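Each chain gets a letter, A, B, C, D, E and F, in the order it is written, and its residues are counted from 1.
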Amino acid sequence: MWKWLHPYANPEVSYHFTGKLIPWFTAISVILLVLGLGLALAFSPADYQQGESVRIFYLHVPAAMLSMGIYLGMAIAALTALVWQLKLAEASIAALAPIGATFTAIALLTGAAWGKPMWGTWWIWDARLTSELILLFLYLGVIALQNAFEDKSLAGKAASVLAIVGVVNLPIIHYSVEWWNTLHQGSTVSKLERPSMSADMFIPFVVCLFGFAFLVARIFGERFRAEIIARNSMRPWVKALVLAQEKN
Amino acid sequence: MQTSYSSAFFTILKRDLTIALRHRDDIINPLLFFIIVVSLFPLGIGPVSNTLMKIAPGVIWVAALLATLLSLERLFKNDHADGSLEQLLLSPCPTFILVLAKILAHWLITGLPLIIIAPLLGVLLNLHQDSYTALMLTLLLGTPVLSLLGAIGVALTVGLKKGGMLLSLLVLPLYIPVLIFATSAIDAASMNLPYNGQLAIIAAIFFGSLTLAPFAVGSALKVSTN
Amino acid sequence: MAFDSLSDFFNMGGYAFYVWLSYGFSALVLIILAINSHRMEKQVFTQIKQRLKREEKLKQAALRRKEGK
Amino acid sequence: MATQHSVLLAADKLTCIREDRLLFDQLSFDVSAGDIIQIEGANGTGKTSLLRILAGLSQPYDGEVLYKAENIHHCQEDYNSDLIFLGHLPGIKGEMTSEENLQFYLKLHGLDHSLAEQTLAEVSLFGFEDALASHLSAGQHRRIALARLWQSNSKIWILDEPFTAIDKAGVEKLEQLFLRHAKNGGAVILTTHQDLSIHSNDFKKIILEHQFI
Amino acid sequence: MQTSYSSAFFTILKRDLTIALRHRDDIINPLLFFIIVVSLFPLGIGPVSNTLMKIAPGVIWVAALLATLLSLERLFKNDHADGSLEQLLLSPCPTFILVLAKILAHWLITGLPLIIIAPLLGVLLNLHQDSYTALMLTLLLGTPVLSLLGAIGVALTVGLKKGGMLLSLLVLPLYIPVLIFATSAIDAASMNLPYNGQLAIIAAIFFGSLTLAPFAVGSALKVSTN
Amino acid sequence: MATQHSVLLAADKLTCIREDRLLFDQLSFDVSAGDIIQIEGANGTGKTSLLRILAGLSQPYDGEVLYKAENIHHCQEDYNSDLIFLGHLPGIKGEMTSEENLQFYLKLHGLDHSLAEQTLAEVSLFGFEDALASHLSAGQHRRIALARLWQSNSKIWILDEPFTAIDKAGVEKLEQLFLRHAKNGGAVILTTHQDLSIHSNDFKKIILEHQFI
């Protein structure tokens, strides 16, 4: 497996490879998001209990799931960075953290905006809401730590340690609705059995989820490329790139 | 080799305790800070004993958390500034043993006195009569966790010229679960409900961090002295 | 189509504020993030350019120093 | 060239980059038993950076350091027990007395700590055993750290500007100690901006220079 | 001579702001700390919004106090450690001018952002609607006092190798009057009572400390560098 | 003996006691315009303590320091504007660039800060103007502090081990600067454990020794 992975662990190859993928990700995410959000806003039915406010669902749940998924990805990258000393993994942590923080913020705000009409309050200190807030703090911690180090490689290693330590928060977020009785709704979409939800809500949801996922991939691609460049600025191929760009 | 490891462990433990005991302030100050923070609340909130009783477990635990936080810097900062940390990392003994010794010393200096003084503050804040045992048990299991997790934060930030702020940002989110379970245990006790569940979770967190934190601290220190 | 008219659509069954707040905020932060990410590579490039210039200056200084001696 | 066996430490194609500046590139050299090596160079040429890499405290950008033909990060415990590194910072606790400071390091390396008092006398700190280290002058402070050298059974000594703040009599004594250590099969790697007064046959120099690419 | 004094003042102000702004963290981190501490309380106390409302003024002010306290070290500690403090004392300009510039910089970096973010935290804690003006006014007059009095504490402890603990012990008692009057003003506002009296007292404390603290700090610094 | 008028600084019966140990007793000497004075002594004999007393940073146990025949604590502003003191710690902020650091001190003393870049070139920091001071090596770090000497219009320079961590070329340049300063009517008081290479007629020595009573 190492042999197969090796060429992709080369910064120059990854830089160009990612560059080739970006337009595809952009196209797919635009198509899916236009379709999904269109369906969500205009065509999906209103909920019999929640009325039209249910349209926040199509933002809230994908954002919440991605906020956790991105953290998981970051933690895995962190593990590879520490165990195999893979410099590219360090770069991907730096690229992922701000994206994850953004989606966490979206999940929090859309949740709050949904909570006001449904529960009558913007915010309560229950387990799921609080643990999601902790997730935001963890992201901010990773970003702050990353910025605090001058040396990019050291920054990456330090951030890795923190990212791995923080991963215990993920099961707490996910199972909080089962472990504590809270105001927050239990699992509906993420159950493995047939989703307990009608198809005309489920389909727009899935389309939105994938749309946002590809958007994440695209933004990640751009940030990842910039991080690679910043970490390899001594390499001749980067200098060549810089000079080539200067001519244009 | 085994004996030399344990001798290294005790050498470091003894050194850290000596340094702390030499100025007795190092032990008294976190305590006084704890007491002052707790007594700020009746001042800020007003002495209505009913409100106080409700917030007592929360205030005591938040104060314990902040007191630990402020004392964390001592764990590695001075050692880093005078070069001892480098020397410790270059000692023939595995880093996690040294780290464990330092964390134990830190807990003995800051955590233990907190536990001893806590009932007194409970009285100050009108803590519910049935909650004292729960308060003591949660502190006994919880304060070592604060030292262990805190050590990771200090180890990560020790090389940086930032104040304690970044440290708080990194460490406080990790402390929140302990805070939640501890206060909920104390609340349950005040209502005469069982609180074994919460205690078990805190114990699990304790053993988890006891086994993992020393390694995390070790690798963080290597990054910080680079 | 779940709505009868455009004004119904904007009204969102009385939940307009909350729904449009959510969508508006999300769009805003995502656009900021996207722009920021798009600019990042350029910023890194300019930094590297600046550094190369400084190195050039250092090299000249060293040459001059050698000639001076 | 020394025989394969007596090579204690080998730098293998070390490259160091700090702040996007290349300090040294593909630097290789061997350190054998009996060597005294002075790293020389103007301010900022990378002497400290090199010593820290050799001691295993920093990671080189490229290349590796070998102890008895094994990467030092793979045999860290063995290497550490055969190494003394003294950097710009002495690692002395102001809150402890000179004697306690020295004893601590001796114990940590599994040495006989009852000799601490006697060893302090070697570095002219006789009478200061019970003085808190923070109450000593700059030079006396550093002498406590240097005292470890008299008791060490480690072969490799890596010393970054060991003569800083040390008076002339002290410098001379240290130089004699280095010679003795080398004769007994040890190796000393040091930096200093002062000239060594020992005979130039007795030590080698590695010269670092500002690099421009 | 007059112009050179003011130029020295602005030189130092600019330097301190530059250092803080260079890592934006120095400004963001106290803020985050403030937010985290405030959000610890609902976690520890439980989300009953009535209790929260009662303790909100106290919690916000205690958090502001602690955030200032933690940021105090930056005021002189680093300058002492790298020798700049000696150089400042040896500058041809009277010490109290330099001190005043440093304190102003500290307030701009830590106090001002706190004031700006406070209303948001008020919302999180269900602060009573009528209390917001009082909260802002007390913070506006009170936070400079925290910086001024805090500076005396740091100046006294800067030469000692203690952590922030001794500092807290010295400084917190000095902060208590501000805390009491500020929270009582906010409480009064929530009951639609006048709170001019409390504000006037805080203002008096402010002017008192503005005129006296710089001299106290100056002589404390001379002792600390001896 | 110089004429009364050219005496810049006078130590009058200074006594210093630290930790119940007498460092020097009733020490008196004059510093006149044109003097270069090296304080010599083994580690811990009180050189740093003496310099800090002269600069007004510490109080002597007994005696006083006179600047133009007035106690320095009574004319502090005048004295400070005629003094540069550089101690063991360089007073350089790691968070600022070399240029900003130098500019700060020039401005604080009311000097022309636009010359900072040019002055840094004097101490071989050309090209490092924009580098954060914390990214510089030990010697480069100290050079920023020393750069002030090139721009100063203060008469009295008090320097505690100014050559620490400075390479040979740098030391030589500094010595030339001291000579020039003395010739222009200034005075230099310094400590160093290295031998000065300037002619022994050009400087005086004050020797401190361990006192045993």
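Heads up, the rule we're going with is that a residue touches a chain if its C-beta (ideal position, glycine included) is under 8 Å from a C-beta of that chain, and two chains touch if they have at least 3 such contacts.
Being a predicted model, the structure only gives us computed values, none of them experimental.
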item: Interface residue overlap between copies chain D and chain F, same or different (over half shared); value: same
item: B-D or A-D, whichever has more C-beta pairs in contact; value: B-D
item: Remotest chain, chain A as reference, centres from CA atoms; value: F
item: Centre distance in Å when chain D and chain E are each reduced to the mean of their C-alpha atoms; value: 46
item: Approximate Å spacing (C-alpha centroids) for the pair chain A, chain C; value: 17
item: Between chain A and chain B, centroid-to-centroid distance (C-alpha), Å; value: 32
item: Inter-chain centre distance, chain C versus chain D - centres from mean C-alpha coordinates, in Å; value: 48
item: Where chain D touches two or more other chains, by residue; value: 19-20, 59, 88, 94-95
item: Where chain B touches two or more other chains at once, by residue number; value: 23, 78, 81, 161-162, 166, 169, 172-173, 176, 180, 226
item: Junction residues of chain A, two or more chains touched; value: 130, 137, 140, 144, 148, 150, 233
item: Touching residues on chain A, where the partner in the complex is chain B; value: 82, 127, 130, 134, 137-138, 140-141, 144-145, 148-149, 151, 154, 157-158, 161-162, 164-166, 168-169, 172
item: In the complex with chain C, residue positions of chain F that touch it; value: 126-127, 130
item: Contacting residues of chain B [partner chain E, same complex]; value: 23, 25-26, 29-30, 32-33, 36-37, 40-41, 43-46, 48, 51, 54-55, 57-59, 61-62, 65-66, 70-71, 73-74, 77-78, 81, 161-166, 168-169, 172-173, 176, 179-180, 183, 187
item: Chain A partner contacts - residues on chain D that touch it in the complex; value: 17, 19-20, 22, 59, 61
item: Contact set on chain B toward chain A in their complex; value: 149, 152, 156-157, 159-160, 162, 166, 169-170, 172-174, 176-177, 180, 208, 212, 216, 219-220, 223-224, 226
